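First up is the structure itself, then whatever we jot down about it.
Naming follows writing order (A, B and C), and every chain is counted from residue 1.
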Amino acid sequence: MSKPELWVIAERRLDHVEPTTFQLLTKARQLAGDRFHTVAILFEATNDHLETELQPYAPDEIRIVRDDRFPTATDAEHADALAQLVAQYQPNSILFGATITGRSIAPRLQAKLLTGLTADCLDLRFDDETLVATKPSYGDNIMCEIICPDHRPQMATVRPNTFVAEPATGTAELTPVTVAFHPVERLQVKTATPVVNTATTVGDASRVVALGRGAANTATIDTATRLAEKLGGRIGVSRPLTDLDRFTHDDQIGQSGNTIHPDLILNFGISGAVQYLVGMQSAKTIVAVNSDSNAPIFDVADYGYVGDANAFMTALLAQFV
Amino acid sequence: MSSTTAAAEKLLLQMVDDYTEREISPQDMPMDQAGDFPEGFIQHLTDTGFLGIMLPQEFGGAGFGPEITASVLNHIARGNASTAVTLEGHFKTVDQILKFGTPALQKQLLPTANDRIFAFSMTEASGGSNPLGISSTATREGNHWVLNGDKIMITNGGLAAVYCVLVKTAPQELSVFVVDQDMPGFSFGKREDFIGLRGTPVGEIVMDHIIVDDDHLLGKLGDGGRIGDSAHDDARILMGAVLTGIMEHDLKIATDYAKERKAGQTPLTDLQVTHRKIADIAMRKETTKLLYQRADQLKAAGKPYSEEAAMAKAHGSRAAVSAGDDTLQILAGYGYSREYPVEHLIRDARAMEIAEGTVEKMRSAIAKAEFNK
Amino acid sequence: MKPKTIVVCIKQVPETNEVTIDPQTHNLDRRGLAGIMNPFDKNAVEQALQLADQTPAKVVLLSMGPDDYAESLREGMAMGADAGYLLSDRAFAGADTLATGYVIAQAIKQIGEVDLVLFGRQAVDADTGQVGPIVAEFLHQPQITYAASLRLSGDNEITAERLLEDTKQTLVAQLPAVVTVRSELNTPRYPTPRNIQLSFEKPLTIWHHDDLDLDDSRLGQAGSPTIVTKVYEPKPTKRELTSLTGTPTEAASQLIKALKAHQLI
């Protein structure tokens, strides 16, 4: 008997593949072992070759559906095409990135297939052939493990940057497949303009200087900005500081904000609410400076200093060569 | 109370809390520093319908009762006392027009009370506690009244559009007329530079030969003293609600701080000196709340409430000054800093030992009421 | 022209996300938490009211949940919506997104001749954002998710902007359609005190199981493919802490040494 299939839906981002797809392909390989057949599903125009971007992550197979209408297809058209593929191949599980696109197509497909979908997952594992998806709720304060025991396929959207993409050895089999494209005339994409978004999010930085309620005054923020520049990194903030004019959701760590895993994070004046800690605990090295020696942040830190944030930062800056 | 009324009041307070948190609290410190409401602040408050909370629905208002109206001011004052006091000045004035105005005057004026602030003006520069010492007059000329005089220390003076003014209609006769800022002869004078409640304007109006018809007389000729007393009583209840809100603000600052800080190795929450101060603030807050709510219950039941209203203000204002002082002491150096709100909460509370009758006057009134029992 | 009917689907959520797990029962402890309208849904209500300013329209609120969810409906009516429907029945309890979407879609069919269905981007408690697209599929209608702006662009047509991570789309849909809105698209109005009072004179209808045309196998727990097997508070992984000591200058020097050793600087 052939192995059950574990699918990753490749998402297009302008002329490239969205990075969450690579993260999911890596995770899918780890989950699959030799029990599952991992498949990347790719929709592209007839002259596209986005599969070359998928190949380094070595799924067992890449199924390519080509139609010039796909790059601008709507959610319902994508869901319709996927439903045809599901009917044909009967996959065990389907993973989407929890991007805007993924979170729009996946539930539409779920409703077509009358199956279960778990949103915005932070962890995945298989118990035999049952997918156990860990989903945050209540602004990441609570985690739920969710299964879909009696319906197939099992579906999940996975929060970007939850897993780390790692290229793998192995050769993906390329399989062209066809589906009938059913256009939905009642909805048209009239224009699609790339947004030149030079603003990075804190999730992109490998070095982060994170500020919380205890480091919220202007002088401390200014010192932190200089420190972040010196480190070649970026400022991140916990939830209370997003109320300040100079920070936005792009700067927030944790709580439906950004899950990050930089090489180094320096936390100043952050006591460490659970959702914050969960959002940054996969950083390679964690440093915490807080005036309260009992702050939970110290439990997850590699290096800790009890004292004033601004004084410590100033001392740190003074000693940088 | 019907279940609909209870549900509506719950929804109202939910909206007020939301509005206070998002629109009012962030302006608390800037308002104190600037000595004024920010640009557009009162317009937004007006557009959101706050001026009509206690105005009956037949005049386009919301028609909420006196007790929930006091609660609204209490909740607003947790975020900022100036906003609550500006509404207090408006509500107490509208209340007197509801009590003493003729149906024709009410029909003419009250629909505009949703969009325009009303103010009550009694004080004059001559000062003194004898209302008959005022020099503003209304004199009969033909079929009209002609108003002349100068009124100072008016809550919302300069901001309000409509003013109830206490004037003499005869050497021993006080009456109240309603004038509008658009009337010929009406002008604004100087604005006070007070140390507390700095958002709320307190200012002067000048009446130079303002001509009004009989229909602008509130109540009857000679009702001035009675109407003035009634306005004071209603204002004092609402001030009790505002003072309770200030103490709730103090209590939040004090407990938040104590929970975060240590003296040496000991958390402030483990120190008896902290316990004593927090407990005192809490007791002062609660006694003030009971007093103003008691006065409001009597008012709602149609019983005399003058003495209880005086108690709410006299007790509440000193209680709030002391609560601020204790909060300042818990925060120590931070409490004394202008970067923290505590010091201005003391200045805000201090205003209410003077406004709407000094605490000394309140005590005289309370004592007289006791002698007469 | 016939007035449009706009349905806004809303959910009541706890007023705070600071929930804990009862150590005995391992269930969520939501005791004492007041319910409020999901904040993202207020953007949808506001959007509907703005469309109703643009063209004659009736704004109808729809929610599913226990009877006390009527409070959120009332709040939406105090913002200006014309009527509310609450879908309340024990048979609906325990529904996941699929079973919830089914009942809501059936209710929308029952309301009849609905031109536009609006949703907030997601509920702040469950954070799924799935019910909108599910309802769109069940109603066989086009969907526009995460709309950043929305207007009527013709008698029977809407135009929306949709902001993907790196692309701005302009979409045009023929009504009827389903739209989920981003929170950035508007600032919801406050219910005025007067409208709070007047909202109690507007019709709020409670529909139970028998009021709707339903397939029982698709309701509640039985109709929900997913099962929550475990609920827990995340426990961040503890690490071995090296304390930096002394003055800030001394401590900073210790840190620099350590970071250099790890080649982090």
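Convention: contacts are C-beta pairs under 8 Å (C-beta built on N, C-alpha and C of every residue); 3 or more make two chains touch, one makes a residue touch a chain.
Remember, predicted model here, so these are calculated numbers, not experimental data.
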Q) Among all the other chains, which ones are in touch with both subunit A and subunit C? A) none
Q. Central chain, going by Cα centroids?
A. C
Q) If you average the CA atoms of subunit A and of subunit C, how many Å lie between those two points? A) 21
Q | Whole-Å separation of chain centres (CA-atom averages), subunit B against subunit C | A | 40
Q: List the centre-to-centre spacing of subunit A and subunit B in whole Å, with centres computed as mean CA coordinates.
A: 53
Q: Can you tell me which residues of subunit A touch two or more of the remaining chains?
A: none
Q: Please list all residues of subunit B that touch 2 or more other chains.
A: none
Q | Touching residues on subunit B, where the partner in the complex is subunit C | A | 4, 7-8, 10-12, 14-15, 18-19, 48-50, 52-53, 57, 60-64
Q | subunit A-touching residues of subunit C, taken from the complex the two chains share | A | 14, 17-19, 21, 28, 96-98, 101, 124-134, 136-138, 141-146, 159, 163-174, 177, 224-234, 236-245, 247-249, 251-253, 255-256, 258-259, 262, 264-265
Q: Would you pull the subunit C residues touching subunit B in the complex into a rising list?
A: 36, 71, 74-75, 78, 190-197, 199-200
Q: Flag every residue of subunit A that touches subunit C in the complex, lowest number first.
A: 13-14, 18, 74-76, 79, 99-101, 103-108, 110-112, 114-120, 132, 136-151, 184, 186-195, 197, 207, 231, 256, 263-264, 272, 274-275, 277-278, 281, 285-287, 296, 298-308, 311-312, 314-316, 318-320
